[in-house]
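Next, two complexes with chain A in common: one pairs it with chain B, the other with chain C.
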Partner chain A sequence: MKRVILVGTLVTLVLGLMVASVYAESRRLIIQGSTTVLPIAQKCAEVFTQKHPEANISVRGGGSGTGIAALIDGICDIADSSRPIKDKEINKAVERRIDPVAHVIAMDGIAVIVHPSNPVNELTLTQLKDIYTGRISNWSELGGKNQKIVVISRDVASGTFECFNKLVLKKQRVRPDALLQASNAAVLSVVKRTKGAIGYVGLGYLSSEVKALKIEGILPSEDTVLKGTYPISRPLFMYTNGKPKGLAKDFIDFVLSEEGQGIVKEQGFVPLK
Partner chain B sequence: MRIKEIVCLVFAWLLLISGLAYSGEIDILVEKLVEKGILSPGEARAILIETKEEVKKDLAKGELEGLPKWVQNAKIKGDLRLRYQWEDKHDAPDRHRGRYRFRLGLETKVNEAVKVAAGLATGGNDARSTNQTMCDGFSTPDIRLDYAYVEWMATPWLTLKAGKIKSIKKVIFRPSDLLWDSDINPEGISFLLSKKMNNCDLFMNTGFWVLDESSSDTSDPFMWVIQPGFKYKFDEKTHIKMAVAGYIFDNVEGATLTNGDDNSGKYNTLEGGALKYNYNSIAPSIEMGFKEPFGGLIPYLAVFGDYVYNPDPSEENNGYLLGIKFGAKKVKEWGQWQAKYMYRHLEKDAWIDIFPDSDAYSGHTDVKGHEFALTYGIGKNVTLGIDYYYMERIKGTGRRHLLQVDWKIKF
Partner chain C sequence: MKRTQKENLIRGFFCLFASLSILFLLGILIVLFKEGLPIFKVTTFKEFLFGKFWYPTYEPPEFGILPLILGSFLVTLGALIISVPLGVASAIYISEAASPKIKEFIKPVIELLAGIPSVVYGFFGMVVVAPLVAKIFNLPVGLNAFTASLILGIMAIPTITSISEDAISAVPKRFKEASYALGANKWETILRATLPAAGGGITTAIILGIARVIGETMTVLMVAGGAAVIPHSFFQPVRTMTATIAAEMGETVAGSAHFCALFAIAIVLFVITLSFNILADILTQRFRKRLG
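Now for the complex of A and B:
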């Protein structure tokens, strides 16, 4: 009899542990990807966890490509991305039986910034491309001071660079003397300290310490980005494997709720509502 | 969320059945919903983007109407390599040859888990070469079946390949061609297991490959391989990949083997015209890769090595190769380049002599020497390359120089 009780207790314990671990797993969410989307994901995770203390959410950066690769490899539940998924990534996902479903969670404009003392107020996309590819090297060629243009760009792994590369550079190479920075904050920091500098950052990183230029006559703003009139704008995504379920669904619903979109706005991006 | 999902699904369906012709009309419909206050401008933009993404995914998956799915999923790949080759053998006159290689392959997905591929190539029946020498008054050379196999991804962590499998390097981790010439396409079945974790990818390559078949008895030579290994990323720029392969040969001792080339199957120790030893062996491999080392001076650098030990013979049973390569990880574009150096030492009975790189002393064992290679991109998918070998016998006085200048076009 004692043996039956002992075995019964052990079985109950093991089953209990299994159920508990399955439940714990179901309330665990790994989010990885774009450094641009990172502040939105982090803040949303923080607020969401306050409301749902049982949820265990881990948020990591690494870049859009890293996030999508992690989703394809089954390492994360949600991939943050500041660009649409590429065809080769879709093909890889399909090969691994992953079904990447896009959720647009916000819009972002890439603001082109200069030092506040710079008299130049606007550029065309062609002028901007010429600056970054080395055809224009002095502000005087654009109606500004006789001053060398110090070109600040992002490292090629960043989603911000990929977007800028596609929309502005048309995949031409950045001039070799451009100073590459690892983050939006670093670009902002260099531009605000350097008089002849030009750089680009996500709209959320704009501050009064730098001047945003009009591009094709349009200033980057919530309105121009949402309407799609500002030429260097992009959607921000969260990708899931198939339609989101459980905690992933609850989290994305939260990001798209009024409260979540409020966080999007707080972080300096453009909310959808 | 629910309304947005329904609207999205309806639009995705409309786009699919209309073959994308009415995407402009869908924009108008969304605008109408915004005007009526059902959707906000942001939600409308999101719906249009998500719909486009869904259609893009279906296009990539080949789920649109029209051609059969296997045709939509088919990929054609190939390459043409033109080569000038100079050989200086110590016991024969210099030889200058013009050579070419043409390969054409077709690969298609039968369903989401199963893929079939087949390829044709120039060359004779030598398993280690698809080169065709320019000769015989413009005669027309043969095209042969290079590979034909099925690939079944049973689960995300288990893939099976069976048939005449394309490329030995797709079923074995081999940083160099010390043991396996890269042209070898093994025949048999391979199970490839992999598990990806955060910074560490675990894998295990296994295979059962047929070496020959005899109609007169049942002692057909074949081989087994099992190769557990891992790739660990220290960070975004540094990785190490290591594996240890165990090879088991059956019915090889006492047999005569050939890979179709007359120049093979006779440089291991023979007894009565047949192989004296078995070649069950252990072969560890290692590669360390560094992206943008030396402050970004070069885009990539890797050091690598292979070792093999055959315990059956009591001597001349070791082999190793040490190598370094730097420049672009792969040369695909104009201006990219890669330089490579390797030193190899492969003793007479370390490994069966029908498999090693056929350019290193014609693929014999009992050889040691150097190889230098330089590849330069002269356009997208077009490269120029120089490969130089200086090899000599470990025992004996034989030595050979080999220089190859290659113009390679991939498509």
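Now for the complex of A and C:
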């Protein structure tokens, strides 16, 4: 009888220790920032937690500025950003003894697309901006047919719009009568059926049913985006405080791994490879 | 346990379930107003309702939803022009003219229209109807208020038909008999006796049809084109209130002015649908009184 009690106590102790150690290992990671990076971070967190169930990752949006501010305030472990950190932010970080370290995790490239029958093959950034702000409204002004330009844009909350807005429109307003589509796939579907249409999609969504235009003489491709020669492209960042350690390191390593970069591609961005 | 106790218990149980939906409605209302009202710290009520530009993410932002309200109304009006004649005519045919065999077939078929998911309508509109509309009317793009009206009109037919049909069937037989006795033929009886008597019910049907159309989201998001401009014609892309909420809510920062503005649009939409429903209720009651 005594023996049974002894063994029982031992087993309970060992089990208790195991449970305790699992709890101790349950780690927390807070990721915050850019809505453009959000789908990558979210999907990566999802897959990562499936492999490491003890990891507790919370991913929030809020925009690049909010993310970097949160990193400086020590509220988050990883700040997602679709732009490099600004000098002002670096100064503030130094004041708070935070050392922001950048990790480029993907490239974001946007292809400008038209109907395959459209004879126009290339545009300059200024022409593209004029089309979207309403200064140019007929293809004949660009050497094409005498045809009204049907301007297709994305919902203003999307990361694709944010990037296009910054790199092409320079934050000028899109003409109000531009058609709004709520996803890359919807833009593609309208452009391939509309002769006078122009639209833009993430590079990952490009298909042979539409024609991608050269911008400033350069055709969008994974190669030109990676080299940075294609003008509507930008790197996407994750910032950490100092060199990443522990869970933050594991997570960023995962994002940069083959599997993580696969997710990057799946979400319509250009993997670093 | 006594029998009465048991009965009370069961009654209480069902009462609980019945009141649950009131609770849900209340919860939705509270959230709508809590999230939506803060927008009026950023913009005024007048600028919000009557502003002509919707640029929620620019610096400085503009939150004018007039183009969205007008877009919703234009599409609804177009849908009514299509669905009211079709819906009411089907109802008359089903209740007055069709043989029982045809009636048995056609009624479920019309009701089946209501069972098709709106995303399927939207896809059909985008892929089949829109290119056709563009071709027929020689337009640069087929995604416009006209195409949206066409599809929404078809979607509203089951609502209008089934409620109108109930109203027409509810007209007491003596009304018709009196008409026949005066020497009217079938067509005259329908037009002069049955339809006026069922008028209130048909109006209710139309109003519920309006509520159905104005709240429809997925289809208009896919088919109406989505340009937030004050519409001047049916052949122009428009954006409705529902489509705006659906397209922009997903990636908006919670608690931002844009987020509040989307909730405020939902409040406007809620008030509109609620008033239509109350109107329908009042009319139904009047109609019942008149038929006594």
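The definition used in the following text is that the second predicted complex is superposed on the first by the 150 of 273 C-alpha atoms of A that agree within 3 Å, B and C clash if a C-alpha of one lies under 4 Å from a C-alpha of the other, contacts with A are read in each partner's own complex, and residues count from 1 in each chain.
As a working rule, a contact is a pair of C-beta atoms (placed from the backbone, for glycine too) under 8 Å apart; a residue touches a chain by one contact, two chains touch by 3 or more.
Source: prediction; values computed, not measured.
Residue contacts after overlaying the shared chain place A:Leu256 against chain B, while chain C stays out of touching range. Applying the stated contact rule after C-alpha superposition, one finds that A:Val120 touches neither chain B nor chain C.
After overlaying the two complexes on the shared chain, residue contacts for A:Asp73 are found with chain B alone; chain C is out of touch. Touch criterion not met for A:Leu219: it reaches neither chain B nor chain C.
In the superposition on chain A, contact of A:Ile85 is made with chain B only, not with chain C. Contact with chain B, but none with chain C, is seen for A:Glu95 once the two complexes are overlaid on the shared chain. In the superposition on chain A, the residues of chain A touched by chain B in one structure and by chain C in the other are 157. Partner chain A is touched in their complex by these residues of chain C: 53-59, 67, 126-127, 130-131, 134, 140-143, 221-222, 225-229, 236-237, 239, 243, 246-253, 258. Put simply, chain A touches chain B in their complex at residues 73-75, 84-85, 87, 90-91, 94-97, 99-104, 107, 157, 226-228, 235, 253, 256, 270-273. Only residues 35, 38, 61-63, 66, 147-148, 150, 155-159, 161-162, 171, 173, 176-182, 186, 189-190, 193-197 of chain A touch chain C when the two sit together in their complex. Those residues of chain B lying in contact with chain A across their complex are 1, 40-43, 45-46, 49-50, 53-54, 56-57, 60-61, 112-113, 153, 156, 196-198, 236.
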